[in-house]
Amino acid sequence: MVQILNGLQFGVLLFLIAAGLTLVFGVMDFINLAHGVQYMLGAYLGVAFYALTGSFLAALVLALAATLTFGLLLEFVVFRHLYDRDHLDHVIATFGIILFLNHGVKLVWGAAPLSLPMPELFSGSVKLTEGLLYPVWRLVVIASGLAIATMLYVLVAHTRTGMLVRAGATNAAMVSALGVNIRRLFTIVFGFGAMLAGFAGIMIAPILSVEPGMGDTVLILAFVVIVIGGIGSIRGAFLAALLIGIVDTLGRSFSVDILRLAMGPSAARTVGPAIASMLIYLLMAVVLYVRPTGLFPAKGR
Amino acid sequence: MPASLAASPVRPRGGLLAATLPAGIFLVLTLLPVVTSVTGSTYLISLGSRVMIFAIAAVALDLLVGYAALISFGHAAFIGLGAYAVGILSAYGFTDALVSLPVALAVSAAYAFLTGLVCLRTKGVYFIMITLAFGQMAFFTASSLAPFGGDDGLTIAARNTLAGFPVLRNERAFYYIVFFCLLSTYLFCRALVASRFGRVVRGAKENPVRVSTLGFDVYRFQLATYVIAGALAGLSGFLLANAAEFVSPAYMSWQRSGELIVMVLLGGLASLDGAVIGTAAYLLTEEWLSAFTENWKVIFGPVLVLIVLFARGGLLGLTSALARRFMRA
Amino acid sequence: MPEPMLRLQKLRKSFGALVVTDDLTLDVMPRELHAVIGPNGAGKTTLINQISGLIAPDSGTVLFGGRDITGMPVDARARLGLARSFQVSSVLPRFSALENVALAVQSRSGSSFRFLGRAAEEAALNGPAMAALGDVGLAERAHVPAGELAHGEKRALELAIALAMEPKVLLLDEPMAGTGREETARLIAVLRRLKGRFSVVLVEHDMTAVFALADRISVLLHGRILASGAAAAVRVDPRVVAAYLGDEME
């Protein structure tokens, strides 16, 4: 049960990151590998502002603003020149940004892992059922993630901008031809995505350690999420993120035990962790084999 | 077609540069040990070997990325597989190259075949992601191989013998063996690109629908290219394991795959000479800058961005553009 | 009664609620030039795509030389002798005109899984390729990158590529689309010379070309065949005149 909740929390985290990624890719056809470092940056900025202000809330707000600014800066200086280019160019350019930021934060904050203390109010554990204690903060993360998912859904499905975003994800050229200021739309989408990633970073900082390169694994998983969910689809990202969060967490916890049923304990202990790490990728391979464009691609099959 | 680094012409750049460049590169490589025998240092020779080893993988990757437009983000996995073949066989007492080389090639080719079957059913970013996924799978498998060092890697007692002779242990001899492998790889890939097979693959890059309506099963051709590229990377891995006398999962990380793409790109896509030059440029810069600071990548990252923004066609594109301007002056 | 070279039986294709091909049945005899005409939106290109294999019909069969090819992939059909040209020129822009055609020749001449030997220098490929280019009047432009050819030249190149495949059935999707009068006349002359070598399905709007070349004509309207028969008969069929030719004949 604990693991299911942990899986849910991880899934929510992945969703926050994947949402920005899938929109940016869906609307602007831009592969943003640097999204992971935006998440990392959010965490680092959270730590920095906390050190400055002593208040988690203040740190959250300031770090969000800073992440947004940085994201917009990146978009303005680098990314907007790359929208017409090949995917390969996107990959290499954003790979360069990853190198820059991963080592940049190492220079500024050092390589040692940092941490961000949770707000007092949420730092305890709560009793869910008989004999089951669960950290409050993780529940907060889940709750905020679900809240954001709902907000995103409302925004995308029921507002004018949201409709433009959905239209853009389906056919950006057409939207532009209809006279919509596509540049501004792109900037909004990008900035929003950056904020989501930064928010995820700040929220997770009290639980995980903040260190250079923390964005890399998460990034790959986020890509797996959007590929399985279908590019351009928030709904797909949400479902895929939860699926992956749960599968990965449960897989890691129980793989050894499950395998022990089939093979000896020492073999299970060797093979188990390997299979657990690979589970997600196997899942993606299977999904792509059956549906080469993901489960709910915005552009249709 | 969107303007990009990928827009470099498939046809070789005309004239003097195209004809002499490969000869020039290989001449430099041939003479390097002679030069260093004067200075007496083996550092340059082992650096040279290292550059050539990665150049083999880069040339193979250029086949995929430059000529077939298949952007594989998991190419490092094949290097790793080749390397681990050497390492694992060594641990079990099979230390001759006549055993470990064929096994290394077979393993990487097999992995390329099996994963290619799945990957090539996808296109675009999905292809990139799924190659990444398979690369990660190899990485995690290697990391969890506790009897073979797991995360920490596996030290190899000594380099392979060649039909019983400890030839590879001589730094100079090893250099020339690697050189021979690179030269063969280069010539083979050049022939491949100009061949009937290569023509179909290049055509499929431009217009896959058109090529299939001509009667070519594009999937089979792409799969064959993928397997060839994988096997060549396996060769690279075999040599790498021998050079370093050490294998580690890090050889297969996605960062390594990314670096390989950068090496190919630096030289200009669809240019096999370029792949060699790009590899040299990358690794030599890495050597040089890391002497200054551990965090040289802080500089390298933005440089990469600048290259993408401004230097289309990579280094060779830059130099030929400069050459043209010079000749016009 | 000779076997039809190409037989379409009850083909149906819908895109969502839009029925593009509606219970379509059509026979193309060996070595005849069979024109398919109809207003825009009648479903002509979709039909060609279903025959060549780019689109799978929802139901119905496609028989090629008596053989059911309905489930066959595009390249297998091409190898059986089904060649096509595209309405929007689909050439390999960075290959020269010669190389474009040579690649088509290559598909008919032995294995392409050859890793050695310079394809560009193979006389066995270049010879027939130059001949095909000569047939369509592009011999002097053989070494120009296809992307740099003029529109009319690209249409001619499309034809040369299809010819080089030595097809049994040639599907031509509006080969005269966008060509000027001179170019059109030239293409008509080329097609006239090729008549009788193999079956041709000619989808066209240009009625001069259609009546100059066609042995039989089928009229496509709303995804079904309205009339099908000898050119002279269809020309004066009152249903056809009313539905379609009335305006075209002006």
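As written, the chain order gives the labels A, B and C, with residue 1 at the start of each chain.
Assume a contact is a pair of C-beta atoms (placed from the backbone, for glycine too) under 8 Å apart; a residue touches a chain by one contact, two chains touch by 3 or more.
Quick caveat: nothing in here was measured; it's all calculated off a predicted structure.
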Open item on the list: Taking the touch definition from the header, please name the shape of the chain graph: line, ring, star, complete or other.
Closed with: line
TODO: Determine the chain that sits nearest the middle of the structure, using the mean of its CA atoms as its centre.
DONE: B
TODO: Considering only C-beta pairs in contact, identify the chain pair with the most of them.
DONE: A-B
- [ ] Could you put a whole-Å number on the gap between the CA centroids of subunit A and subunit C?
- [x] 50
Open item on the list: I'd like the Å distance between the centres of subunit A and subunit B, where a centre is the mean of that chain's Cα atoms.
Closed with: 31
Task: Rounded Å distance, subunit B centre to subunit C centre (Cα mean) - done: 43
Task: Contacts with two or more other chains, residues of subunit C listed in rising order - done: none
Task: Interface residues, subunit C side, partner subunit B - complex - done: 52, 54, 73-76, 78-79, 83-84, 86, 90-95, 99, 102-104, 106-108, 111-120, 122, 161, 165
TODO: Could you pull out which subunit B residues touch subunit A in their complex?
DONE: 2-7, 65, 71, 73, 118, 121-126, 128-130, 132-134, 136-137, 140-141, 143-147, 254-255, 258, 261-262, 265, 269, 295-298, 300-305, 307-309
TODO: Going by the contact rule at the top, pick out the subunit B residues touching subunit C in the complex.
DONE: 9-11, 188, 191-192, 194-200, 202-203, 206-207, 209-218, 221, 224
Open item on the list: Give the list of subunit A residues in touch with subunit B in this complex.
Closed with: 25, 31, 78, 81-82, 84-89, 91-93, 95-104, 106-107, 216, 220, 223-224, 227, 231, 270-271, 273-274, 277-278, 281-282, 284-285, 288-289, 292-294
